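Inspection log for the structure reproduced underneath, given as structure tokens.
Here the chain labels run A, B and C in written order, and each chain numbers its own residues starting at 1.
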Amino acid sequence: MNSSFLRFSSITKKIWMAFLGLFLMIFLVVHLGINLCLLRSDGGAWFTAAAHFMGTNYIVKVFEIGLFAGFIIHIMLGIILQVQNWMARPVRYMVSNKTYTPFLSKYMIYTGGIVLIFLIIHFINFYFIKMGWVSNVHTSAEGEPNFYVIAQELFAQPVYSILYILFFIVLGFHLNQAFQAAWQTLGVNHPQYNTCIQRFGTFYAIIVPLGFIIVPVYFLLIR
Amino acid sequence: MAELNSKTPKGPLSSKWTQYKDHQNLVNPSNKRKLDIIIVGTGLAGSAAAASLGEMGFNVKIFCYQDSPRRAHSIAAQGGINAAKNYPNDGDSIYRLFYDTIKGGDYRAREANVYRLAEVSNNIIDQCVAQGVPFAREYGGSLENRSFGGAQVSRTFFARGQTGQQLLLGSYGALSRQIKLGTVKLYDRHEMMDVVIVDGKARGIIARDLITGKLERHFGHAVVVATGGYGNVFYLSTNAMGSNTSAIWQIFKKGAYFANPCFTQIHPTCIPVHGDYQSKLTLMSESLRNDGRIWVPKKKADAEAHRNGKLKANDIPEDDRDYFLERRYPAFGNLVPRDVASRAAKERCDAGFGVGPTGLAVFLDFRESIGRLGKHVIEERYGNLFQMYEKIVDENPYVNPMMIYPAVHYTMGGTWVDYELQTTVTGLFAAGEANFSDHGANRLGASALMQGLADGYFVLPYTIQNYLAGEIRVARMSTDKAEFADAEKAVQTRLDKLMSIKGTRSVDHFHKELGKIMWENVGMGRTEAGLKKAIDLIRKLRAEFWKDVKIPGTLYEVNTELEKANRVADFLELGELLAFDALNRNESCGGHFREEYQTDEGECKRNDEDYKYVAAWEYKGEGDFILHKEPLVYEEIEVKQRVYK
Amino acid sequence: MKLTLKIWRQKDAKSAGKFVTYALDNISPNCSFLEMLDILNEQLIEKNDDPVVFDHDCREGICGMCSLYINGRPHGPDDAVTACQLHMRKFHDGDTIVIEPWRARPFPVIRDLMVDRSAFDKIIQEGGYVSVNTGGAAEANNILVGKENSELAMDAAACIGCGACVAACKNGSAMLFVSAKVSQFALLPQGQVEAKQRVKKMVRMMDELGFGNCTNTYACEAECPKLISRSNIARMNREFLCAKVS
């Protein structure tokens, strides 16, 4: 797969990058919806139901494959593009560039990298358990892992929660640049809609990470 | 040398070109592949010719000293390109464009050439539009025109203030296409050092690779020189830093006559000189005169107060302003031809009415048109020029009037060519500003682009075939031939000599000195005494140059000082010829103004009796030139006093 | 003005280069940046040193030859100008100015501050034109172009090919340059016939030459002396996408 990726033109790679990025952003909203169920004081009933549905529904399973592929390709493309970009300037400037560029737009690979680290931790904590690759102490009557309890325990650790919050702030910055950049890459740039796209991107990049952040804050401070 | 034969076809003026094309010799497709053509220069004429000849199937080699063909100085032309399309329905025609050009050139151009130019002008617009040149459009989608100096109709097509750039990028695109197809081979960062002549015919060039410094030999069945004008002989001009006379000077030394060198154009609307360190002058497009009004204070006291910084232009009341062009030339007003406008500005400054810190400037004021049309219209028309002015002068031209002064801009003179654009050396052609052909003693605005592209797209690709048709039996020559070796050796000797001087003064020092001599004595107002003095001074300066110039570095590396020195060495010889020609021409016409020959009102006094000819100079040795005359015969046009009042 | 200059000196493409510091005095604020370098070179020649080699020609901001990376910005601290139109009044007395050549894999240094930008020519050769032979063009007004599109095409066509976009981009991407040419023809009826081939070929060449990828930082747009808009990049992406899927 790697070599055929390299043979794609720069714009093809970019278009995939953008398309998958937008796809992942839709997924993120779904995930947020499930996470927000944690806030209900119903002993995890909704959350568990949602987790059960996501874990067993076949349509979701198909989507899950797409999702993983999306993640992996998005990440791999990001890395390939970045390596090529570094190679494009073998001799660096002595004075670092002073050109005005949008906030953190130059550091997408780093914000992306940080998000990737979080993703790995997150996978170890949840997905690996789901797949039974990691041993788990909290199991429900039917033998399914009890993610509600797992989440509760994790958020009860202040270090984990603070890291979690920081990761989502970084993700916010990543998304803020990513949303309008994706549309630019897909060729959508028109004076009539640019402001709208920009504003929606920023709105999304604030609201969605904020939604995720509310959960540990709730567990840390309110419960 | 043979008699000067312009080879103008017989028959009525309007059918000469058709007649010529109908009867000329052509080269068949399979023979075209066997013929090599060398083109030097990638401006409008060079790149258009290379692209067209490549499309036809010839093998073309094209050379430029810049890093890319797109950088040639045609790119800097701002205003526009003329054509007799008569889209605005204001009475334009091929004849009228022809007539205006001849009259604008003060009756010193060859009738048949100018008519052909006017004739193909419309094809140029069609060609460029087909190439995707983004000319300005009306709301309905048709092409827009504007008016320019020296014409009473609107016939100028334009692409904002970057017409030259867009046309050049068009021909550069066509050239690039041929490079990709392999019909044209590009040699960038190469400078032509000399032409190689075998049995009386131009058969190649010696070029220097500006990166490695090595000399190269290139063979061609024909050689085309399209290297532009020699305005940089004045040091300060609107030309690019690298624009030079070397190619046309080398061919001059090899037998190609140099025509009318004294016809140099001083452009009225340039940003004034501001200091000794200045390296070039910036032109503000002539189109600005469409909406800007030129004036100086009526009172000397006001002018002096402005010079000392005590009075602002906007504080001078309307009644105390002298709109001197509108006053002197009511019919054409601010749109008189360039030579007339330049001289009028100089006259006012010399009389003590000049403004700005140096007193060598006049105002170009947009207050009235901003009031009439609104700032946004002016911005739309001239935005990039206003921005450029502000960047350079640090003053807002929407608020304060611009200050302008004439500067050397274009050279009508150049290599003598016949109707086929062939020089007096067989097989050697000259196109674009490098030749003398179409503008007479003064070029009208928006005509240079027209001529460059006419030569490149529509004239040379035909006429060169008339010559090449006789060369189809000539096989490609080896560049080991003695003629090539000798030519290379001569170039090598000259370069070695330059490097061996190891004097004390830089090349720029000599160039600046030469510029000063030229501007003071061979500039806008010339006198017999001044010209004689100039010749004397140039000779001394040249002798000093060859004794005392300092060139660091070596031959075989990037050596910009050596490149400059080689060019300045040629300018130091050309300057002398220019003064010689000016001295010979005892009349005033167009860009050549001899103070001895003027009317009581200070206008040009032409002498058709004695000087209605092209002065073609032959090189006999350093400072030794022989004059050949090509009489100008006007069959179609009545030669009149040139009046713009 | 008194200035300290740190300039990249490199004898030729193969030699290693280094920064050399020079002191300059008595520079007029009305002097252009290149004239300031002229003054330095005069002094170097005086001292029997090699003058600093840099590309320049028209000195009126249109030929695109000048290519200096000044204090971390292509064409220096002023907006919408080339280095030749940058004036010393934009600096302060006593400033230290670092001058570097454009840095990108497809733009190797030839000497000092002079780089080889023939990569741009190669991209244009792939399709930066309308394939029409001389002669036989139809009457110009047969092709009508709406004013809006013609203005947009002109905006794109204003590119001078200086390479500041590549120099500014952290990835050394040439997307702004390539997209300006693609856009010009995408906006005009004359360019439609070859539109698909054009964009594909030009992008392929751009990639082959080793330019980096666009990551939408828009540094190119911020440094473009001719204010070429990033909307051209979007247009090229669109053209490319359409060309690939149709």
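One rule holds in what follows: a residue touches a chain if its C-beta (ideal position, glycine included) is under 8 Å from a C-beta of that chain, and two chains touch if they have at least 3 such contacts.
Quick caveat: nothing in here was measured; it's all calculated off a predicted structure.
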item	value
Shared chain contacts [subunit B and subunit C, defined touch]	none
Distance-to-centre winner among chains (Cα means, whole assembly as reference)	C
Whole-Å separation of chain centres (CA-atom averages), subunit B against subunit C	27
Gap in Å, rounded to a whole number, between the CA centres of subunit C and subunit A	37
Whole-Å gap separating subunit A and subunit B, where each centre is the average of the chain's CA atoms	63
Shared interface positions of subunit A, touching two or more other chains	none
Interfacial residue positions of subunit C with respect to subunit A in the complex	6, 8, 19, 69, 71-74, 98, 100, 103-106, 168, 170-173, 203-204, 206-207, 210-219, 222-223, 230-231, 233-241, 244
Touch list for subunit C against partner subunit B, complex	11-12, 28, 30-32, 34-35, 38-39, 42, 44-46, 48-51, 53, 55-65, 78, 80-81, 85, 87, 89, 110-111, 114, 116-118, 120-121, 124-126, 128-135, 137-141, 143-147, 150, 153-154, 157-158, 160-161, 184-185, 188, 190-191
Interfacial residue positions of subunit A with respect to subunit C in the complex	9-15, 81, 84-85, 87-102, 105-106, 108, 177, 180-181, 183-191
List of subunit B residues in touch with subunit C within their complex	48, 51-52, 55, 66-73, 75-76, 85, 87, 123, 125-132, 134-143, 159-160, 162, 165-166, 169-170, 172-174, 176-177, 179-180, 186, 188, 211, 238, 240-242, 274-275, 277-280, 282-283, 387-388, 391-392, 394, 457-458, 461, 506, 508, 550, 552-553, 557-558, 560-561
